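Heads up, the next two complexes both have chain A, just with different partners, chain B and then chain C.
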Partner chain A sequence: MDGIITAGLIGVSLGAQYALLALGFTLIFGILGVVNFAHGGFYVLGGYLTYYFSASLGLPYALALLLAVLGSGLLGYLLETLILERVIKDSQSTLMVTLGFYLIMTTAFVVTFGPEAPQFPFPVTGVWRHGGVYFPYANLIVLMVSLLAIVFVYWLVYRTNVGRSLRAMSEERQVASALGMRTKTLFPFAFALATGLAGLTGGLVTPILSLTPHIGDPVLATSFLIVILGGLGSVTGATVAAFIVGMVEAYSAVYLGGSKGALALFLLVLVVLVVKPSGLMGKEARKA
Partner chain B sequence: MTLSPTKSTFGSGQRFFSVHEWIALAVVLASFVIPFATTNPQILSLTNQILIAGTAALSVYIMLRMDLMSFAVPTFMALGGYTTALLGLRLGVTDAIVLGIASFVVPALVAIPLGALILRLKGVYFVLVTFVLTEILQLLLFELGPLTGGANGLVGMPAVTFFGIELSDLSQVLLTTCGLAFVGVLTTAVFTRRFRYEFAAIEKNDVLAESLGLACWRYKAVGFAIAAGVSGLAGFALVNMLLTAHPSSFSSFSSVNYITYTVVGGKGSILGSLLGAGLLVTASDFFALRGELSPGLFGILIIVVTLVAPDGLIGLVSRIVRKVFSTVIRHRRPVQQEACT
Partner chain C sequence: MLLRKAFAVLMMSTCLAGAADACELKIGVPGPLSGPATQWGLALRGAVEFVAAEAMQQQLIKENGQACKITVIPFDSKYSAEGAAAAVNSFAADGIKVVIGPVGSPEVTGTKPLAMRNHMIVMLNSFAKDSIGPQWPNVFHIGPGPSGWASPIIQVAKEMYKFDTALIVAPNDQGGTDIASVNAQAFAANGVKVTQEYFQRGTTNFAPIIARIMNAAPGAVDLASTPGGDAGIIVKQLRQAGFTGPILRLGGAGYPEIKRVAGGDEVLKDFVWYEPIYMTDQLQAVDAQYEKLMGGQRPENADFFRWLFASRMVMKAIANAGTLTDADKIAAELRKLPVSDPDGGEGHWIGKKFFGINQELSFPFAIGRVQNGKLLPLLRHDAVSEN
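Let's turn to the complex of A and B:
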């Protein structure tokens, strides 16, 4: 019984991380119609920036994390305004550009920080225990921050004028801009928000898991998995799917072992794509 | 080169192959000379890699005829490669022709039911599902240990034979690759040219094509199967070159390479895939000492080509050729030109 609860807690904290990642990914798709192949890259960037600010410059972890989020957001902003905006209408071109950017980012990490994983432990150690249930404090902090960030995104998207404009533009860019919404500032802002979220996840999670230049590949695959499952472009879908994936991964790691859980998830996604391409929660989010 | 059929291309005098197909076939035929001309292992190995990469990139080219960006190339390469490895190990099949046919047919047969499921997806959804396929394949290769050798892969295949002659050393392996690449190029050329108008219609607007009476699903299904078969040939060649069938040869991100070759070379022409593979494989070989830099180079090239020259290098070259030709003609016939204006 205790084992089941422990695995469940791990699943929830995994789910919260995944939700953060997938929210950014799904926002970019929903609002800009861009499949961001560089999403995993921004996750890694967040990790390395946090590492750089905290380990090399000696800043406190929380401040380093904040700077990393700003840094990832800024780079995302620049990518959108300088490059993506030129080809924003053609989904194949945006895909190629973000893919190319991801390759450049990965190479830059290898060149700057080397291919080996740096020594970068989470600043808080120790384990919370209650009877037979164990939960590391690090995961607890990650869970709390992730949940706060998710609430923030929801508030931003559904309760503010910026969010309303973003949702309006995702429906119909031309009409929205005719009604006075500033696509030229809001699109880069949305992109920066999403990459900032990816950076936040990276800064939070890589000290617990691992930090190497190529860790973005599986992160990208997981983001794909979640947003397809939840419905591309759907914020709630991504959140729900993230927790499903987190739970399945946690329990299958404990009780099945190997990669059977992942295999089951991928097959589930394949079925979802074929049966209902718009995902579990999706309406027709956007014409692909 | 031009995909939108104009009046003149519909003319009865239209040849089956365009210049691009002839050049592609000639280039691959010419590569048969290399194993006889040199024993330099570096050149042999580089040619081998280029031909394999080019053949794999052809299947990206085929799928792009239908405006579908496929990441599933490594999936079908693995199917072809593992099929030949298993045939060699378990059944002792070594005949190059039998293995070649098997490496084409098995992926193609798998692609048909798979295509029935996923070909109804378009655009981004198709990209995502093919990407997911490569991930599933990796997991399957590990999970099906008794069949695929799991993380160890399959090793110790007997050497391929051609009419009883064993093809085992480096230059003979290259001969096998040349043969497979030639079959791949020929298949791609015949197939994409035979159905060029159908594909052009599907690429531009498949809903419209469908409403005009074109059974799009049929062409898409056959196209997907042929692309899978061509990938399978490349997979066979790769396994034959490396002497091992291993999951790492078919990683999901290797699909990015094949897409890069096709897009940078030029997605509108069969030559694009080959040129892209030739240049980029040589370039990454050139950077071998700083191997970690080559993804960055690929990344920069992808972005530059997407922004500046959407038709890739071939598009650039043919634009220049056309310009030169038109100026030559204008210089030759100044009188007629004036008369026209």
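Let's turn to the complex of A and C:
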């Protein structure tokens, strides 16, 4: 029983982290129609900025994390405004631009911080235990912050005028523009929000795992898998899929082992896509 | 005007001819320069670059009495077979015949066939069960893998912690499974019942694997050849999960990175590992020599020294062979050389028993220990011998 509960806690923890990542990824696709291959890079950027502000400048971790989120968001804003906006109508160009930008980011991390992982521990240590069940406090904090961030994104997207405008543009960009919604303001904002979320995840998760320049590769792969499972562009689909992936990953790895567990996850995605090619909550075709 | 042009052309062709005549030894260095195994690649590259600079300073490599320039050409082989194959193909296109590296089993699998086809001599490292062999006569090994030193380390760990079960955790590819199986034999030979646990390379969060390990309740855990960055996360998460037994590292160097990622010696708590080098004053002096010659600090990974000794052996063989491109002649000279290094001491050629070919360098090594969160002095162990 302890094993089942522990695996469940691991699954929820993984799911919350994945949801935070996938939300940004799916927001960018849903609103801008861009598959952001630099998403993993913004996760790493969040990690390195938090590390730089806290370990090198000595700022408190929470403040360092906040600055990292702002920094990641700002860079995302500039990327969208200065580069992506020029090629936004050509999906192949946006794909190449974001992929190229990711490579530039990774090289910049190697040059600036070196290829090796720095010592970057989470400021809170200790583990909650009850019988054979355990949950590190660091993971608990990451889980809480992730859930708060997810709630914030939902509030923003579904309860504010900005969110309504963003959703309108994701439904029918030309009509939304004709009704006075400003794409020049809202697109960069959406991109900054998404990259800020990636930066937040990086700043939260890298201290409990590790921080290296290339850690964005598996992050991108996981984000991709989740948004495809949930349905490209669907905020709710990405959230639900993230928790499904987290739980499947945890239970399959715990009970089947590291190799077969990974296989189980991809089998699940395969089955879902065969049964429902648009993903769990995706629409048949994007209109934007 | 015509005369002036003719003179300019003559001068240019003289310069170009001079440049073409200057002898140059190019050494291909394939190794991981990105990803979790980067430390191993940096140690390799740093050592070869240092030995090249040292040899040029001593004018060791000559052709027709003229000292040759030595150029080191690193290539990021990404700890993968395809990366290493791309590296060797690139070296072949550059006419390179001397290759030092790569560092890991998947890379070695991608290296050997192409190196043989392109008549290269290779000095490599890997703990694969077929790292070297009679079918690859020009392939040499920088030192024994766990087949040489796993048993002595297990004996030291057992004396310190009294365990009779162990779990080996490793990546589920050749780089992991080969070493895990060799380690399993060493555990069994020392009366330890062993189980193996594999994970997908590229895993970033090991929490589910840790839960599995905790369910198995082993007396000790061996990280085998898990790259340093991943090993650090595993150690951190094992200790968070409440694992109190000793953790062994029988699959290669990496203590500094494991310690850094895990969060320090207090997190490692009880940790025993293979240390490629027993640090002496003479070896410590290499740090200053490196800094003087290369203008910076040497790579921190202790595999740097194994590559240093091996690269010096290759350099001596090239000097004795009197050729920069005939791999067979260089290999023949290398086989004749006694295993010796001015800083590393005396060793042996081994490998006949495990690989069927006596082309493995064996130098003295050390066993590292952290006990109860405190770093203990290294234990020196003589070079493994087959005599």
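A few comments on the model shown:
Note that in this section the second predicted complex is superposed on the first by the 278 of 288 C-alpha atoms of A that agree within 3 Å, B and C clash if a C-alpha of one lies under 4 Å from a C-alpha of the other, contacts with A are read in each partner's own complex, and residues count from 1 in each chain.
We take it that contacts are C-beta pairs under 8 Å (C-beta built on N, C-alpha and C of every residue); 3 or more make two chains touch, one makes a residue touch a chain.
Note that this is a predicted model, so its numbers are computed, not measured.
Superposition of the two structures on chain A leads chain B and chain C into a clash. Applying the stated contact rule after C-alpha superposition, one finds that A:Pro115 touches each of chain B and chain C.
Judged by the touch definition given at the top, the superposed model places A:Ser210 against chain C, while chain B stays out of reach.
Once chain A of one complex is fitted onto chain A of the other, the partner contacts of A:Leu267 are limited to chain B, with no touch recorded for chain C. In the superposition on chain A, A:Phe187 contacts neither chain B nor chain C. In the overlay built on the shared chain, the residue A:Ser259 is in contact with chain B and with chain C.
Looking at the shared chain after the overlay, A:Tyr77 reaches neither chain B nor chain C.
After overlaying the two complexes on the shared chain, residue contacts for A:Tyr61 are found with neither chain B nor chain C.
When the shared chain is aligned, no partner comes close enough to touch A:Tyr43: not chain B, not chain C.
After overlaying the two complexes on the shared chain, residue contacts for A:Thr6 are found with chain C alone; chain B is out of touch. Mapped onto the common chain A, chain C and chain B collide along 80-88, the only clashing stretch among 80-88, 152-160, 242-250 or 350-358.
The intersection of chain A residues touching chain B with those touching chain C, taken from the two complexes, comprises 110, 115, 217, 221, 258-259, 262.
Residues of chain C touching chain A in their complex: 33-36, 38-39, 42, 172, 197-200, 202-205, 207-209, 211-212, 214-215, 229-230, 232-233, 240-242, 257, 260-261, 263-264.
Residues of chain A touching chain B in their complex: 29, 35, 83, 86-87, 91-93, 95-97, 99-108, 110-111, 115, 217, 221, 224-225, 228, 232, 258-260, 262-263, 266-267, 269-270, 273-274, 277, 287-288. Interface of chain B with chain A (complex): residues 69, 117-118, 120-125, 127-129, 131-133, 135-136, 139-140, 142-143, 252-253, 256, 259, 263, 292-293, 295-303, 306-307, 310.
Taken in their complex, chain A has these residues touching chain C: 3, 6-7, 10, 13-14, 110, 115-119, 121, 127, 129, 132, 134, 136, 209-210, 212-215, 217-219, 221, 249-254, 257-259, 261-262.
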